[in-house]
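Down below are the structures I want you to see.
Shared between the two complexes below is chain A, which pairs with chain B and chain C, respectively.
Let's look at the complex of A and B:
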């Protein structure tokens, strides 16, 4: 044993050297430096630059003319932008009021004691989320075709809708098709969060509630909902932010266009078209900042209403 | 009452099974569609009695699809490695050290997570253009080399590593980087699995930024290549479905391998908060 002691002390001796102390002190700075350098270059600079750009009219990256607030004035008077905001808002509405309740309902069922094969079911519900929006877009553009498409065949079989229903070329049906597709993609995804939250709720609380004579309905409101609230608010805010960034799904499903009568035009699609198809990066920045502010206001509003404002940290 | 519950139990299980079947149907249809000849495609709803490899042959004959698969694999793998290294390193620093500016960095990170990425698209493109990185993988990878989400994820999991372990290593003369490399990373194995999959999926499926940055079709990744294919061969549904199938297959295989870690990692930040 004595030899090992000396060994350690020999090894330990040089560790008080200046190099060792220095590397210990500098380590955290070195470790975060890649993040900080990249963030300064590709985060801070673009943020400042895009604020500036939003006051310019540009033609590609090379030319820029200062126009003051004209971009914003034009944006708010552009009927195309109104259309994009409306479509995006409608999509977000269905995401919050149809998709999230479905996710929660599914999670509640899956969390009940009765269910067999919970892991496998969870896997099945979650699986569509593995497919990127582009691939889902290509797949569903074929599933939605009139006559032969699987959606029409299925809905004709169960609900008797005509098989020649033109989901993607009838302006009135574009949004329902998008909502259906996103339900398929995201119901299971959000369910995973709800399920994890439900499983983390303290079981003793249910027992206490049962002792106090609370029925299942009361338990849901008094125990379950408060228990999953932080996660529910997180899911609500994230899925709203996600909805407002909708682009790829309609862009691909509608064959690189805004669709009939621009029924699938979203805010980000509008940004992409003005900035990178027309080539006005200044105007694209204006659209971007308007989107960011809108999303921020809505997120804060949601956190306020759900009462997560003060408790946001936990 | 007992009978009522028994019936309810059967109904709940049946409902969940039906819902799962409905969820899986489009994917089953996709697989079936790739294996049908053009004549059979809409003749049979799902699988045809005679399987055909026509769609795959057609796909590789009409476009260099293997090229796109290699491109996507290269870009996604590089991105995963770079993001994994930088994010876990920063996550380690934020979890286990006290240093000046730590709070500011955390606030900075949280606020960027609230900002939709599209806001920065225009100036970022301008910057990449000035750096001469348009139409290069560097322009694709470098701006996304650090994942803020990843830093949070790793900070969260590294917080659980006992400090005594790190102190003991220091006494034994480990440098800080060796501590990260030999102790912290091996312990974080589950989180590494989860993050690799999340990062891989993000890059593999990403469309908008590659679409803006890449011009030369030889460099196309799968999402933009497939999108182009839709424009070119709009009516050849079978070929398109074969392309779609091959595009989603790698992610599904990877998911099967890392499933447990993935769900844990996905919900870690939200549930433990």
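Let's look at the complex of A and C:
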């Protein structure tokens, strides 16, 4: 409609005016120019600069020596990077295979008409996401405190687990603690996506399936899952990307460190430490670009496996 | 005349023009200060705020802008400021574990002014505890003036020691300490000492006490030498295995509760931590006391060091002489230092300052012990702590080795432990050396 009005106004304007022709040509560029300037300054330039930096060894901000692909060669034999990749992958695995089914389960539950107080429960499950990761990190670092922490007290009460269990200083328990925290934070968030998708599934399909004799399980597989597939793929890809960007939560929970035996070291944390603690921005850029390429490949793989290339829901 | 793209686009255009004009006519106020200084410690900030008026009165027209930057942020903010050449302060206080990372690259590219000549010509090198210049020295050049000495003592629950019949004067060596500790430790309820098994912050002072370290004066990584191996063999059985006498719960409120409950009887306590304990565990006033660190062998060193701060002048400073004068004003004024000691318990690096009566005052919290005198007596024996641009990495690798050794000891006990410790420390040290070899400078 707006386009139509614009066309009419253009037709009515004096076509012979040079000023009109000039401003008509330039106006769109003028309007997009603020975005383009900002994007070029704060988006394109840092991206290009970091790509160039990834071919340098930098010692501090002022000294850089070109080393070609040596940073990438070093990266693939760097045990710290291996550890960071492993930790991040483990976290991402649990995010996908634990968090998403739980989110979907909750969404199915809260989409059922027989559940009382659904609106309140939806708000309750979503509300952890209203808090920032830093706040949640501080909160859970207190909950996981040995001897006096609520988690240990509770586990001691129900299962006799020792109260001095050190969740955040035992390398074997750091990742479970991080996964538990992220579950609390993100299950409700992803539930909202699934809820929206569930509510968009055509109700007639359920009626038709019921007429055909399909039970609830068959309906879930044959109607619900295909119906929510585009959203499920979106949530899967976004959760994976989010997991690979994990930084604040372990950084805060582990007291600004990678934790015992680097059990909480993630790729982004390693990037930060390399760039701003060790001062090698070149190598940090290499880590960053490797992460970006890795996430791109994994996302493309997920989209291919789930059939998202073919048009999602179909 | 109608705007051809509609009212929405027109309002955006008008808004952007108006806001642009407003910004053009109201530019951000340029800093008026002559010198800008960053510090990361609130206690330092409060003390320096009091010291600034005297300096400004002595230098008419000079204005000091003191900024408190969080400890976590100061390193990254300073790195970013150096990188962008924007908002670089004139003076900065840097924490000891971060200082080394600023000495990377060729000496000419270090962001701090080389203070070696100023320090030596002014006689400060002899007037201050020399060991404290080591962490701020790279390739023989000194880039920072030490703020403190941070000698280490043991803080203990005097009341519980008395109840349990422990005489601190009879504890001369770590062997004595361990023998007592095994008698009074009740696993899960009471431990002789607070020591972590998952990071190396308290392992390092014990390593320094033995004359070891992460790096030698030339910057070579030595964290797998014989001293480090022996320290690890000593440390791990303290925190793991059936005869452990040490544990750790964390900081903050949990530490407060643990000390109040008598969960820990002793804590490693450099001067700054004695203040932390005073503040965090106020109920223990009059029930705490300090004793020198047990020696490794009879007659050995009874202290170590933990933590530290330097003040450096950046190369962006337009008036380095004035900045130097200000640094001296903060770090050498005996009256100010005495007051700062009363407020923070931190012993200054300037040796002549320790004669002030403030350092002999009895402290009620510490069972009326003369806190300053106790720390000052140990200060000349504080070990050297050499650094490297790779110090942060080395600390991380040492922590990893500690965790691995603790895990091994928990599973296998003494069997093959020494061999494992040697192998694991070498692995960590080799990883640091591998990173150092990448350094093309």
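Assume the second predicted complex is superposed on the first by the 279 of 314 C-alpha atoms of A that agree within 3 Å, B and C clash if a C-alpha of one lies under 4 Å from a C-alpha of the other, contacts with A are read in each partner's own complex, and residues count from 1 in each chain.
By our rule, a contact is a pair of C-beta atoms (placed from the backbone, for glycine too) under 8 Å apart; a residue touches a chain by one contact, two chains touch by 3 or more.
Since the structure is predicted, the reported quantities are computational estimates derived from the model, not experimental observations.
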Partner chain in contact with A:38 - chain B first, chain C second, else both or neither: first
Which superposed partner A:27 touches (first chain B, second chain C, both, neither): both
Contacts of A:114 with chain B and chain C, given as first, second, both or neither: first
Which of chain B and chain C A:171 touches, first, second, both or neither: second
Between chain B and chain C, more extensive residue contact with chain A: B
Partner chain in contact with A:256 - chain B first, chain C second, else both or neither: both
First (chain B), second (chain C), both or neither touched by A:143: first
Partner chain in contact with A:276 - chain B first, chain C second, else both or neither: both
Touched partner set for A:74, first chain B, second chain C, both or neither: second
Touching partner for A:184 - first (chain B), second (chain C), both, neither: first
Footprint overlap on chain A, comparing chain B with chain C: 24, 27, 31, 34, 61, 145, 147-148, 256, 272, 275-276, 281
Partner chain A, residues of chain B touching it in the complex: 8-9, 12-13, 15-17, 19-20, 23-27, 29-30, 33, 41-42, 45, 86-87, 89-90, 92-94, 97, 99, 102, 105, 108, 112, 114-127, 129-130, 142-143, 145-146, 148, 151, 170-173, 175-177, 180, 201, 204-208, 212, 223, 226-227, 230-231, 234, 237, 240-241, 243-244, 247-248, 251-252, 255, 259, 263, 266-267, 270-271, 273
Residue ranges of chain A in contact with chain B within the complex: 8, 11-12, 14-15, 20, 23-24, 27-29, 31-32, 34-36, 38-39, 41-43, 45-47, 49-50, 53, 61, 106, 109-110, 112, 114-116, 121-128, 130-135, 138-143, 145, 147-148, 150, 153-154, 184, 188, 192-193, 196-197, 200, 230-231, 234-235, 241, 244-245, 247-248, 252, 255-256, 268, 271-272, 275-276, 281-282, 284-285, 288-289, 291-292, 295-296, 299, 314
Of chain C, residues touching chain A in the complex: 2, 4-6, 9, 12, 16, 72, 75-76, 79-80, 82-83, 98, 101-102, 104-106, 109-111, 188, 196-199, 247-250, 254, 257-258, 263, 389-390, 392-393, 396, 399-400, 403-404, 407, 431, 438-441
Contact footprint of chain C on chain A as seen in their complex: 2, 5-6, 9-10, 13, 24, 27, 31, 34, 57, 59-63, 65, 67, 74, 79-80, 145-149, 162, 164, 166, 168-171, 256-262, 272-273, 275-281
